[in-house]
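Should a chain be cited, it is by its letter among A, B, C and D, assigned in written order, with residues numbered from 1 in that chain.
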Amino acid sequence: MSVLRTLLASLLVLAAGVTALSASTDGFRAFTSETARRVAVREHPRDLPPVLLQTAQGRTVDLASLRGRWLLVDFIYTRCLTYCSVQGNEFARLQDRLAGPIADGKVLLLSISFDPTHDGPVQLADYQSRSKDRGAGWIAARPTDTAGLEALMRGFGVTAISDGLGGYVHNAAINVVDPRGRLVAIADWDSPQEAEQVVLRGLAR
Amino acid sequence: MTRLQTVVRWAGPILWLTLALPPVRHALESTLTLQMLVQIPLLALVGWWLRPFLPDRAVKVLNAWNRGGISGLLLASFAAMIWMLPRTMDSALNVPWVELAKFTSVPVLLGLPLAVSWPRAGFVVRGVFLVEATATAFRLGWLYLVSPQRLCSNYLLGDQQLAGNALLAIGAAMSLLLAWKLMWGHVDVDGSHRRSHA
Amino acid sequence: MILQNIVWTIALVGMGLIALGFIYVISQAGRTVDEAASIESARTSGVLRKWLFAALLVIFVAGSWATLRRFPIPPQNRALDAGQVVDVVASQWFWQVTPPSVRSGSTVEFRVTSTDVNHGLAIYSPEGHILIQTQAMPGYTNKLLYTFDQPGVYTLQCLEFCGVGHGPMKTTLRVVAAIAE
Amino acid sequence: MASLTMYPDDERLAGGERIAFNLYIVTAVALFVLMMLLGLTMRMTQAKWLTVQSPLFYQLLSMHGAGMVGTMALVTTAVMWFFLRKYVQLHLWAFVANYVLFMLGALCIIASIFVGRYGALWTFLYPLPVRGFGLWTSNTSALFMVGYLLIGVGSLLFYLDAAAGIIKVHGNLGRALGLQWLFGGKIDPDHPKAVVASTQVIISNSLGILAGAVVLVMSLVNIFFPTVVLNALLAKNLIYWFGHQYINATIYMGVIAVYELLPRYTGKPYPISRPFLWSWAASTLFVIVVYPHHLLMDFAQPRWLAVIGQMVSWGAGFPVFLVTVFGALTNLHRSGIRWTMPSRLLILSMFGWAAGIVPAILDGTIRNNLVMHNTQWVPGHFHFYLLLGVLAMAMALMYHVIGSRVSAPPNSSADKLGFPLYLAGGLIFTYAFLDAGRLSVPRRMAEHLDSWTFTDKVGSIGAILVVLAMLYFAIRISAGLLKQPSAGAAGVSTADAAG
């Protein structure tokens, strides 16, 4: 009798266990929180918070006011010597590849610093020129206050942690925001083609 | 009940509360290695020590559904699997309800079932469980070492690799220990049946 | 005599000796003996086993020394200083060999790797027997040394199963006569 | 002398045991015939007597490899179970669970090969399973690997149950191996050889299965998450460590039949001795550490591993030649043996193992491996000791058992024809492989040059003879097993079989 009961209990545990595993991995797709973030954004686009940003030119812009065009957003800090610098180059290259839509005012690139205490307009402008900014359609900016920074980090799901050497390690990526102001896709930071595809597909619709 | 016995009986809840204290919690979650190989195992230990709080009648009922400890060990295995995922360990730091889930489910669904089931498990069931656990340590360690990117947004790559090496070391230690015990040690094959009190 | 024939001869002799031992014992198996003879034959068997052990031990030690004294695989972690270097890259299912020809008479270092799965590089003589080989592995470069004595067209054949195009995965290596200096 | 009783009572198969044993054996002999037919098809394709397209050829090769290794393991597990259960308590459920999991695993493997067109061979050498070039998908490879995992779990259950039984009687595995008598002390003359051999298998193959469980799951992770790239050399090491121990365990399980049965047929006791214990202790260590001889051509391996591979390969000859084969021949010498099928097969198996190890040792030598590795020399040597060695061991037990079921000894005139057919076919078949190795013919290749087809043709002829003999054996053994045991059971059949 206890054999049958145990068998039944084990089958129930098995079913519940597989269900729980599946639930906690979005159906065995997301085993890391970064993948989970991407799956979640793809399936449920997320509205962005209204946050005030100060650009490299010193102007103040509301993130919400940038609606009406496609935004490619990445997060940086300008002291970064490793891949953030490459991120900048990738953005400059995207300026070339998306030159047409940028000229039409349909696409805008936006680099946001999560290290606003250090990254003022000067540092941001320097970052852009170091990255060979083509001069059109790319804004580098920083949030104007801590609350804004937190709202941004939460809204985009960005985690930056200290690397123990005075710098940061963060889940770098290219975030795609549609004209309605919703985060709709997240692409690897080193595969701008992927982000570009999403934008071009969106523009073609 | 002597004082010592009282302390022993309450060791589980005391450890539970200690682990939940914010400074302890932050310290043990400051690196992946600490969370995975110290905090979660200690939470499982809490569950093991909660065993005396189960009423005898409940244990009796459970035992009827837990021949050879199989269903209990299966439950513990699934709980362990879920808390081995980089995603869950990562989210526990950012999402309060995940952290709460960890603090409750690891003791209740991992440690406690182990405590209830292990003494009932025979040689074969224990063997399968231990071989699988050893293999899992090797697999996870290997995985953490070869993953090209960080598996947890909250932890550094170096930390992840430290955890990987630690897991490989744990796997190796478990294999050697098991091999040694089986080859030269004393193994009480029938002990499980004799100790399987209600 | 090429190595393959030496190995074949040793194998035939070894297997033949074992067969002879079996045939001898089987030919004796039908006979039964009395207690005394049985004890005597047990004693003989014990002595024989000691001799067999000694013989095997001598073969083991001498053979190991002879075959390992000069280690047959070149060191992999330092420069080999061979006169010629050929890079060999294996992919499903073709070889990239640069340069495609070498000179005879001086040592060639083959640097062998793979871009995808495990392959095996075997160098076949123009007569069609394997001269030497190594594995081509993704992520590793195996260094092989060989000196061609004769000019001619040698074949490089894949020798590790690598998918359906494994058999036809071969190319040629030209060995030209060394220029007299 | 209890051990010389032809059919002792404690070996009788009662009720469920008989059904389980018959299931194992009938399944195994049927699978052997089928897998041999696949082998023959491939050999005839190489001989250009048949046309099989390359994709199908490699599917057949994958099936033949996985199928033969699995079936060898299945049938020798039955040998181990048959004898070990006399000395320690084994649970029938573990024996049956192994069978059920084996069959489930086999189904996965068959489906992945014949439905999914998997063709990355039984070694699933990383990363070939995920690079099928459209012939097979990664999911197909995953199914194949799940099949292995199921079979591995089955073996593990059986070994753990056996380990429990052995430890209960002997305290621990070290004492079961007889390590306490290596350097002195009076050896218990009743210490069963079957326990010693089984213990060795449990130790080494559990390690092998552990390695397999790690590398299989990691390969699965790579299949579903291609960004997780494994180290190809590490994966290869683990695969060969697992594969080597898994196939070698079949020899060590099978040889139990020789230890148990040979003395009954020669009528001479076959006592346990210190050299015997030394040989098994050494074998236990050797089989665990010898696997690098499969990676001698991976120059990236540390040199010391290659040296271990060669020296231990050579050293492995000592226990085999000096103790088991020499002991068997001593037992046979002037014993007045009556030649029936079991006794013939037992002696053949000793010859197959001993002679087959010669080309193995030669190939395990680094210098020779440089020209022999991955030629047909390799299948030459392992077919030698699997076909003429291990399979003969297992069939000796099968014939022995059916000897108790019918009223005549297992020695019909058809048997008298079948045995030499098998032996001659086996020798022709294996020597054709070895000679092809001498001629540098690669193994595992569908397309053969015209200059290679001579040995292919000779090998095919040998294979045809083997298949014919095996087909006869399979029918004969299955029919014999399905007969009811003779009415008088043990006592009566003793006289029959000895007569």
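Here is the rule we go by: a residue touches a chain if its C-beta (ideal position, glycine included) is under 8 Å from a C-beta of that chain, and two chains touch if they have at least 3 such contacts.
As the structure is a computational prediction, the values presented were derived from the model and not from experiment.
Centre-to-centre, using mean CA coordinates, chain A is 36 Å away from chain B. Work out the mean CA point of chain A and of chain D, and you get 57 Å between them. Averaged C-alpha coordinates put the centre of chain B at 50 Å from the centre of chain C. Centroids built from CA atoms put chain D at 39 Å from chain B.
Residue positions of chain D touching 2 or more other chains, listed in rising order: 231.
Those residues of chain B in touch with two or more other chains are numbered 149. Multi-chain contact residues, meaning those touching two or more other chains, do not occur anywhere in chain C.
In terms of inter-chain touching, the protein chains here are arranged end to end in an open line.
Taken pair by pair, the chains that touch are A-B, B-D, C-D. Put simply, chain D touches chain B in their complex at residues 94, 153, 156-157, 160-161, 163-164, 167-168, 171-174, 203, 206-207, 209-210, 213-214, 217-218, 221, 227-231.
In the complex of the two chains, the chain B residues touching chain D come out as 122-124, 127-128, 131-132, 134-135, 138-139, 142-143, 146-149, 175, 179, 181-187, 189-190. The touching residues of chain D, counted against chain C in their complex, run 54-55, 58, 119-121, 125, 127-128, 131-133, 135, 231-233, 236, 266, 268, 275, 296-300, 303, 306-307, 310-311, 314-315, 317-318, 321-322, 326, 329-330, 332-337, 347, 350-351, 354-355, 358-359, 362, 365-368, 370-375, 377, 434-435, 437-440, 442, 444-447, 449, 451. On the side of chain A, the complex with chain B involves touching residues 1-3, 5-6, 8-10, 12-14, 16-18, 20-21, 24-25, 30-36, 159, 161, 163-164, 169-171. Taken in their complex, chain C has these residues touching chain D: 3-5, 7-8, 10-11, 14-15, 18-19, 21-22, 25-26, 28-33, 37-38, 41-42, 45, 48-49, 52-53, 56, 60, 63-64, 67-68, 71-76, 92, 116-118, 120, 122, 124, 128-135, 137-144, 157, 159-168.
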